[in-house]
Amino acid sequence: MKIAIMGSGGDAPGMNPAIKRFVEFCFEVGDEPYFIYGGLEGLIDGKIQKASYEDVAGIIHRGGAIIGSSRSKRWYEKRYRDQAYENLQKNGIEAIVVLGGDGSFRALDIFKKEHDVNFIGIPTTIDNDIYGTSLCLGVDTALNTIRDAIDRIRDTASTFSRAFVIETMGRECGYLAAVSAITCGAEVCVIPEVEFNIDVATQILRKELERGRTYLIAIVAEGTKRTAEIAKWCEETLGMETRVTVLGHIQRGGNPTVQDRLLGFGYVVEAIEALHRGEERRVVVYNDGVFSTLPIDDVVQKNYRIPEEILSLLNFID
Amino acid sequence: MKIAIMGSGGDAPGMNPAIKRFVEFCFEVGDEPYFIYGGLEGLIDGKIQKASYEDVAGIIHRGGAIIGSSRSKRWYEKRYRDQAYENLQKNGIEAIVVLGGDGSFRALDIFKKEHDVNFIGIPTTIDNDIYGTSLCLGVDTALNTIRDAIDRIRDTASTFSRAFVIETMGRECGYLAAVSAITCGAEVCVIPEVEFNIDVATQILRKELERGRTYLIAIVAEGTKRTAEIAKWCEETLGMETRVTVLGHIQRGGNPTVQDRLLGFGYVVEAIEALHRGEERRVVVYNDGVFSTLPIDDVVQKNYRIPEEILSLLNFID
Amino acid sequence: MKIAIMGSGGDAPGMNPAIKRFVEFCFEVGDEPYFIYGGLEGLIDGKIQKASYEDVAGIIHRGGAIIGSSRSKRWYEKRYRDQAYENLQKNGIEAIVVLGGDGSFRALDIFKKEHDVNFIGIPTTIDNDIYGTSLCLGVDTALNTIRDAIDRIRDTASTFSRAFVIETMGRECGYLAAVSAITCGAEVCVIPEVEFNIDVATQILRKELERGRTYLIAIVAEGTKRTAEIAKWCEETLGMETRVTVLGHIQRGGNPTVQDRLLGFGYVVEAIEALHRGEERRVVVYNDGVFSTLPIDDVVQKNYRIPEEILSLLNFID
Amino acid sequence: MKIAIMGSGGDAPGMNPAIKRFVEFCFEVGDEPYFIYGGLEGLIDGKIQKASYEDVAGIIHRGGAIIGSSRSKRWYEKRYRDQAYENLQKNGIEAIVVLGGDGSFRALDIFKKEHDVNFIGIPTTIDNDIYGTSLCLGVDTALNTIRDAIDRIRDTASTFSRAFVIETMGRECGYLAAVSAITCGAEVCVIPEVEFNIDVATQILRKELERGRTYLIAIVAEGTKRTAEIAKWCEETLGMETRVTVLGHIQRGGNPTVQDRLLGFGYVVEAIEALHRGEERRVVVYNDGVFSTLPIDDVVQKNYRIPEEILSLLNFID
């Protein structure tokens, strides 16, 4: 089978190990691997090439994705999808493995229904906001990048009496913020999924400050849009000198962790095997240590929810 | 219940997050947490103290273990175990949570049979050589430390025509070496569990060298005791300038990863809950995302085996 | 001589190595080392203790400062300075080595004039904004922290067509931003010392974007207060999807680099030797590899200027 | 002027920033930059190419050298040097900037005398063993890599009673070992330049062990070839469980530090300016913050000596 892999939407660490394994596994099972460079935009513009072992040598430890990625407005005009279809036809490509999120899966689903080009999705985003899978590709690396940042702050926090407000990524999802707060021992965590009772928090923290607390770390998920408000609260209501860090895109970068490399391998192998089993319009998911697939409709219509066992650990001040 | 936690045997990243969660969870469920400092030696010498929130503030990102650990010869003389028993009695401690490996579990089992002090084991070792659990506490951090070392070497490898032989830890177990080889793209991996056919490897690599291969990374598990031999083979048989790195104890250190912090939390909570359920002489295990317990006899009498799905990825040259 | 060391003002990596060397060198030359905990606030409150080898064991690789630091409003009331003086008298302390910035040097100078307590300043700030010294303690670590953040972004930048705006610290000084821009290859650098001609930049970058440039990294010094403006310019004028990172306090943390450890050693030794030479009201400076001292009046009355050889490297777009 | 840059001998972090700046500065001053790929071997084989901005985009944070390096036996046969000369003639190259060590400078000096091809050397080696310069390109990164390794070990050392013996690189030079021992607080440091009095060390350490010392870190320079001996001494004479780490080639890798990037820039600019000044057969050196050049004969005939101020800090046990 001729199979192409492409990135789509936001980038995430772990894409390169996945791409490397894709090429290797295709050769192992007798498929022909192709790269679509530059995501949907590249698909429209015919940036498609046969992949070789050489292409994926020495990429396993690089952040980003050697094949690039993109968001595309043109994709939503039929003539560009027709053009994309012709590009695939020219190369004889029968199926696409797409590293991306909900939006990307939907974009390819339109294409499937229209031109009957099969695809399998691999949930690839540091936001961990995709229904049906416990861990998206890239999340583990992002969590460790955030940890590194918070540990640096914590190291110096004992020197000073200060509040540190750290904004983490995650779009509408508070997973990164919640797990970071739990594992880095933050005192405050504000995420979209849980109401943050600022009055109760004020009461508790004031008591702690009276009893000698000298610093405070607050993690705020970008999805809440409350970073400035929480900083103001620390400064004015709690009376602490306050410093804000917006981690931004450094969370999407960096050398993928071992876990993200293994996850990338596993996701890709399951994707190719699903294609061999004749599955269509599905997304690979990873739960309780096992890879399997779900229908695209399930994945894009339902919302991811942070597991109760994680939310329950947020019982400090929230 | 009065419960004490102790380290025993080799140290591993993740012990401090586990210790922190131990104290917190004890308070949450109404138990009284104690520390035994310095492992079995400290238990004999009565280095036991009530634990408080203050003790575990700001430790979550430290390598090592604030309560220390040790190996003890005295433990195998009854009079010292009697002394240890008295120390526990004096403090009213009813059960021990022990962070360690097989040897530590056995040491406490003798104690249990003799003095009826219950204990629960938490598999804590970077060697990942404990039966019944997929991932011991500390392994994820160690794997990422090894990754960092190999990535540094790889970065420069393209500059030169060289063979790099890297010895990883793991005692009799090749897990660290195998997963590192797979995830870092090493060309050669030598572990105790799989016969390394040096003639076949020579043949394959000579062909690759002729075709233009310019460098070679070989991971050798310490348990094989073949590091020097493999280096000599690279130098003399393959004709490559060869450099050896013995990573040693840096693999046991470092700031625990997010995964090891979560794992530490999970292991400790399951340990305390097992004690509440009245379980005795058991070891907490983690498989397919779920924590549970196994009888100590199962764990110490059976041998850990590297999962087939990992060994199958070693198909490059081994 | 009884000499005390204290931190004052913002914290910086390298304080702990300096503190360690302070204790060791005092003992080597027959002085008695003391710690003032918590900066000027601690001095007022009498938090003064004799220092020992044990106090400084295992601290060399920690961020922050084990003796803490603070800013103090009380200091500017005479009665509190009188109280501070009594605390020093009680302990027989003859001189203070202060790790801090301009403000801290001034604060102690008032004290010197009033109570004749001698002091020597060590320029300690990641902002590198102190006149007379080429490199303040902490700058090298901060630069490498920023480098790490930018490298992560750069790694993924090639995947996407984006502008990344990164705000660095430095108060009124653009040193961190300038050196980071130069050494990390940023396309745009906005600092207080150099006028940023936005029209010229627009022209140049538009041409580059037309010719195929796919991403843009802009470093903005916090002192310019132009982060939001530059982000808006990237988004609206240049038409690039733009992401902002505000690094904030992570720049003040982290394990000190080898250079900052050596610098800490050198600064402290020169400070103690200056006291032995009978120098008063001076600040240790480091230039062209040599440590010496300057009168406090020189240091606090003149402004630091970024060396021309660094500014000249900013010739890309600025 | 047409100027080529090449690597030669062992690789070191900082080569890529130097190469990038070489290309940029050539264009700035109107020279034509060329790359010789693969060191002297490549020069013989004519692997010479005009360099462009595109070649050096996105390389600043990579370890190794994009132009490669090599050691060459063929170089010492005249016919290969003649061939190399023809390759240069064909491209019109008038001078070579060589990133390497003593051996490389000598190799090009033969060439200069024979074919009158001018060259300027840039001291590039983590060993820091080149006469006349205080800091070779790559040393700062290597020191921080070693620091990271030792800090990991130290973090866990407090958990256990152990001796850790760490072998660092440096060929015949003890600089890396000495500075690492000083800045990481090692108890023992064994280098070629200083006699290590094992009897005195035994006496001192035994006393410390009696008084409660629980661990020991010993740094051994590879040039002493005493790693195994020191390990045996720790185990048998001092009676401590001992662990050995041979850091090996990881010291040559890794993302160059800010200092090594700046150093690379400075070295390259001085090299090109020296060529413009008409200097011949010289090596760029860096001392007290200033770049200048020395005649090749001075550099290769005299031996580097570790500064007295560094050796004096080794007064703990050595």
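To keep things simple, chains are lettered A, B, C and D as they appear, and every chain counts its residues starting from 1.
Following the convention adopted for this analysis, a residue touches a chain if its C-beta (ideal position, glycine included) is under 8 Å from a C-beta of that chain, and two chains touch if they have at least 3 such contacts.
Please read all numbers here as calculations on a predicted model, not as lab measurements.
The chain with its Cα centroid farthest from the Cα centroid of chain A is D. Note: centroid distance chain A to chain C, computed from Cα atoms, is 35 Å. Centre to centre, using the average C-alpha position, chain C and chain D are separated by 29 Å. As a whole-number value, the distance joining the C-alpha centres of chain A and chain D reads 40 Å.
Taken residue by residue, chain A touches two or more other chains at 151, 154-155, 158, 255, whereas all remaining positions touch fewer.
All chain pairs in contact, by the document's touch criterion: A-B, A-C, B-D, C-D.
Residues of chain C touching chain D in their complex: 17, 20, 58, 60-61, 134, 140, 143-144, 147-148, 151, 154-155, 158, 179-180, 182-185, 255, 257-259, 261-262, 265, 287-290, 313. Chain C meets chain A in the complex at residues 7, 11, 13, 15, 62-65, 68-70, 145, 149, 151-162, 164, 166, 243-250, 252-255.
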